[in-house]
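For reference, chains read A, B and C in written order, and residue numbers begin at 1 within each chain.
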Amino acid sequence: MLLLTLLDTLGTFAFAVSGALKAVRRGMDLFGLTVLAVVTAIGGGTIRDVMLGRQPFWFHDSSYILLSLAAALIVFGLYRVVTRGETLLLWFDAVGLGAFTVIGATKAMDAGLGAVGTIVLATLTGIGGGIIRDLLAGDVPVVLRKEVYASACIIGAALFWYLARWHVSQAISMPVAMLVVIVIRLLSLHYHVGLPRAPVPAEPPQEP
Amino acid sequence: MLLLTLLDTLGTFAFAVSGALKAVRRGMDLFGLTVLAVVTAIGGGTIRDVMLGRQPFWFHDSSYILLSLAAALIVFGLYRVVTRGETLLLWFDAVGLGAFTVIGATKAMDAGLGAVGTIVLATLTGIGGGIIRDLLAGDVPVVLRKEVYASACIIGAALFWYLARWHVSQAISMPVAMLVVIVIRLLSLHYHVGLPRAPVPAEPPQEP
Amino acid sequence: MLLLTLLDTLGTFAFAVSGALKAVRRGMDLFGLTVLAVVTAIGGGTIRDVMLGRQPFWFHDSSYILLSLAAALIVFGLYRVVTRGETLLLWFDAVGLGAFTVIGATKAMDAGLGAVGTIVLATLTGIGGGIIRDLLAGDVPVVLRKEVYASACIIGAALFWYLARWHVSQAISMPVAMLVVIVIRLLSLHYHVGLPRAPVPAEPPQEP
């Protein structure tokens, strides 16, 4: 599907840029920046493929890694320009989240998974790269701390699964589910929507 | 085996609760809490299955994830009640550790692994979920820091392996090995037993 | 290949020692020390094998884990002696890096990967164990923070791939590529060579 390929490309680029930006802010050198860009871009899909018992998608298609390297070099060379366009990046990132979630859901259903398995694997595909990025940079993963992020993946994947059960063609269900993920993500960013917390004061980060 | 299924269920529930409790204490929202509950409960078994070249056990049996979600919601809604029963949770947790270790050892031996491979894989099955939980929450994994925890897995898995070598029926070796893990764990909690450290002052957490 | 086996053994030992040393410095007990030694030694190869859809190399050959245990016990018992030989350890570590990278590249090419896939997988094999070690100990992985480390893997793996394309026998390309990794690593240590950073002040470690 041409649209999916385009959005997949945009998303890979945006995820790679988010990894590279975090590396710059942590004072990492050019190599650390490159590694963080690549793992952020390919991490989620790699987790998905390994769990499905397949070889990672980048084993036989180097375009994803080359695209991530290009994103890393752009951030390295044009840091000030890139950060000025950070709103645009959040849009890219939402597009990547939607594309990765739907691709993950498609592959999970192809492997015969049920509703729960499909939703979990699609969500892991969407958020996996960002989790690895944050762990490597020494942060608690942002998806665990705030914002409607993985929730958007869960809703989109669930919708995709039900549309498929009702025999809706993938030509319709894929863009629809992807759009739902993207719109939920962008709306939550715009309105600063969050999920409730349990009514307990947070402890300091390290246990006694 | 009915007993094993029962203990596996208890253990999954206890591990999910431990993940959810940690999330509440870190001030995470409802989604972070749910994710941490699920990965703590299914993390160890997922690592085991991926290493064995199988698809994760929750791909085609959603009961584990639904049970973890239930545990997450209970913690979210009844935080004060749950924490009052923390001693009970440590018992559940020990039961889970025993069940997961024995299940891991069984699957490892079915795949033809030797003694060392079986012990390592069984231990990873027992402690994997807790390690992922602590990494995601930004802590050094508790099994690396204190207490006889993984040691209990190692002894139980080694015992299980030798019983199998002596052609003891699994109907006997499984509950026996499981009980050994649980008893060692509970005794070490009761008597605050720890392993020795190398005689060197600890450095501050971040290298210069 | 006898030479490769020898260097693989030296490298496994050196990686296990580096994990055990970090555990001692973090005040971990004997078990934490043993776990950190083992995962540092076998982590990179395990990631490689899982991605290739194989069972980890230590499933059916317990010598790697037993060697790592021996390294852990030596560090535990002879901490002062081991630290006095830390320069020697950096040499061992460089040898391990070279051996692991070349073994990773060989297995990647056997699986039919192209240049980019081979380089990425070989690098992951070389640096994976150290990344897991640092994550478990609560540090940002050292390969992301400083020094020509993974860069040495990348150059060695690329060289190995091109030599294979030119039909150079593995009896020549393996030691040559390994030597290149080792020499680059040791030279960068000797001359304190680093890669450039993007010209931006680093932020504090935790985001607001």
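Definition applied: a contact is a pair of C-beta atoms (placed from the backbone, for glycine too) under 8 Å apart; a residue touches a chain by one contact, two chains touch by 3 or more.
Please read these numbers as outputs of a predicted model, since none were measured by experiment.
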item	value
Arrangement of touching chains [line / ring / star / complete / other]	complete
Rotation in the CA alignment of chain A with chain C, degrees, nearest 5	120
For chain A paired with chain B, centre-to-centre distance based on mean C-alpha positions, whole Å	28
Shared interface positions of chain C, touching two or more other chains	50, 53, 135, 139
Residues of chain C defined as touching chain A within the complex	50-53, 111-117, 120-121, 131, 135, 139-141, 143-146, 148-151, 194-200, 202-203, 205-207
Chain C - residues contacting chain B, complex	23-33, 35-36, 38, 46, 50, 53-56, 58-60, 62, 65-66, 75-76, 79, 135-139, 142
